[in-house]
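Pasting a structure here, questions to come.
Each chain carries a letter (A, B, C and D) given by its place in the written order, and its residues are counted from 1.
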Amino acid sequence: MSRTVERIRVRYGEADPMGHAYYANYLYWFEQARGTWCRERGFTYKSLEEMGYKLPVVEVYARYRDEAKYDDVIAVHVWVEEIKRAAILFKYEAINETTGRKCTEGYTWHVMIGPERKAVTIPPDIRAMMQV
Amino acid sequence: MSRTVERIRVRYGEADPMGHAYYANYLYWFEQARGTWCRERGFTYKSLEEMGYKLPVVEVYARYRDEAKYDDVIAVHVWVEEIKRAAILFKYEAINETTGRKCTEGYTWHVMIGPERKAVTIPPDIRAMMQV
Amino acid sequence: MSRTVERIRVRYGEADPMGHAYYANYLYWFEQARGTWCRERGFTYKSLEEMGYKLPVVEVYARYRDEAKYDDVIAVHVWVEEIKRAAILFKYEAINETTGRKCTEGYTWHVMIGPERKAVTIPPDIRAMMQV
Amino acid sequence: MSRTVERIRVRYGEADPMGHAYYANYLYWFEQARGTWCRERGFTYKSLEEMGYKLPVVEVYARYRDEAKYDDVIAVHVWVEEIKRAAILFKYEAINETTGRKCTEGYTWHVMIGPERKAVTIPPDIRAMMQV
């Protein structure tokens, strides 16, 4: 399925005493990239919540291959790798555009929670938007 | 009015490339100290929200006098300096216990928001707890 | 002096249980806006550090006038209000572009620290760039 | 190998619009727990850095089983699961003490970086401290 690329500049407050982006910040960047991914497919995660759905992260994995420093620009590539009945797998590749090297890759598993606060089958119209 | 002291150790991810606690983190620490301040007076900010009240920050000021480094222990002293009809002023002094020096001082102004999502007179029972 | 505008979308992880941008995040956004302010004037804060200078925040003030919610776009306007011998005053106005209302305004005072780790007169070439 | 338990109260600014601890914060809490783990074994991560060593995270995994809300107390259990020549595997279990349920579990892989900024065999004295 198609990819979305979100460019993010590392903030001073996101870098640690080593001068590198602190490992937890990639999870914020993954989320920001997912938000843009939704927007490029004609909806927003916010609108999903307004319809009574949530898509919380149930699993996250990240592999840190190379560093990202303060002021570096990171291109976070995001795509849907798999859609199950009630779950979605997003994958990520973060390329440090300042160095040209891949810095991080990872994935997040999400479960579709419905208005009853229970896992539900992904509604067909949402599924259709996600498969673009 | 009486003080509460909250001890907080600076996390690696809270320190910046200079090796100092990033300036925004003090606002998290101020909030953590306010939470403990409530608890020491017999209520929690959470219980306030459950009763339909909120106490959002409308103003914040901080003066950074000395650095706090990764792994330093910061003692955040917090007290109520003033209570108006619908507003509260908290003051803070952060002492770096590792160096023995005051690192930061500041204040936050809060407004009491009621169940109608408008500023309201602080209810007498909440006011009573806050004046301890 | 001239203004720079930095557009920032509120991340899910930057919003709190009220659904509003948590107050500390504005300090990250102020920093991001300052970074862009430098870049628009032909230098980077990173290059300043590489030359042995630092410009730590010694004072911050913010007034929260209206809320910013998850996914709202905030336009942070930043400009230099005053330059003293060794200190700089940045001012900020954050406009919530999603609602059209000003959400936050504030300032930060910075001191120029030289290679000897002491406050120094702002070097003329840096001052010249900053006065654009 | 023996466990360390670090108790952490969820800050308001660490909870998201769902009212749950945002997923990235667990990585801060894992780090805080590792710091306490070191301290209980007679050294600090800071002292390791002062000796010229670093132990950056090269891989992280987390499984979110149940929620943690604002003001909940989370007990993060941490232990070393495996030590290789130049790498260490920490494992984590986060128990929400407010609900009594396990909320999150995960691991981090770290590589020992020496004064030459390259992966090195873990020095015997550091290894000895870690195996307690």
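The criterion applied here is as follows: contacts are C-beta pairs under 8 Å (C-beta built on N, C-alpha and C of every residue); 3 or more make two chains touch, one makes a residue touch a chain.
Only a predicted model underlies this, so the values are computations on that prediction, with no experimental measurement involved.
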Does C-D or B-D have the larger number of C-beta pairs in contact? B-D
On a CA-centroid basis, which chain has its centre farthest from subunit A's? B
Using CA atom averages as chain centres, what separation in Å is found between subunit B and subunit C? 23
Could you grab the centroid distance between subunit C and subunit D? Build each centroid from C-alpha atoms only and quote it in angstrom. 32
List the centre-to-centre spacing of subunit B and subunit D in whole Å, with centres computed as mean CA coordinates. 27
Shared-contact residues (touching 2 or more other chains) in subunit C: 12-13, 17-18, 23-24, 27-28, 31, 70
Partner subunit A, residues of subunit D touching it in the complex: 17-18, 20, 23-25, 27-28, 31, 49, 54, 56-65
Contacting residues of subunit C [partner subunit A, same complex]: 9, 11-14, 27-28, 31-32, 35, 44-46, 70-71
Spell out the residues on subunit D that touch subunit C in their complex, using ranges where they run on. 12-13, 15-19, 22-24, 70
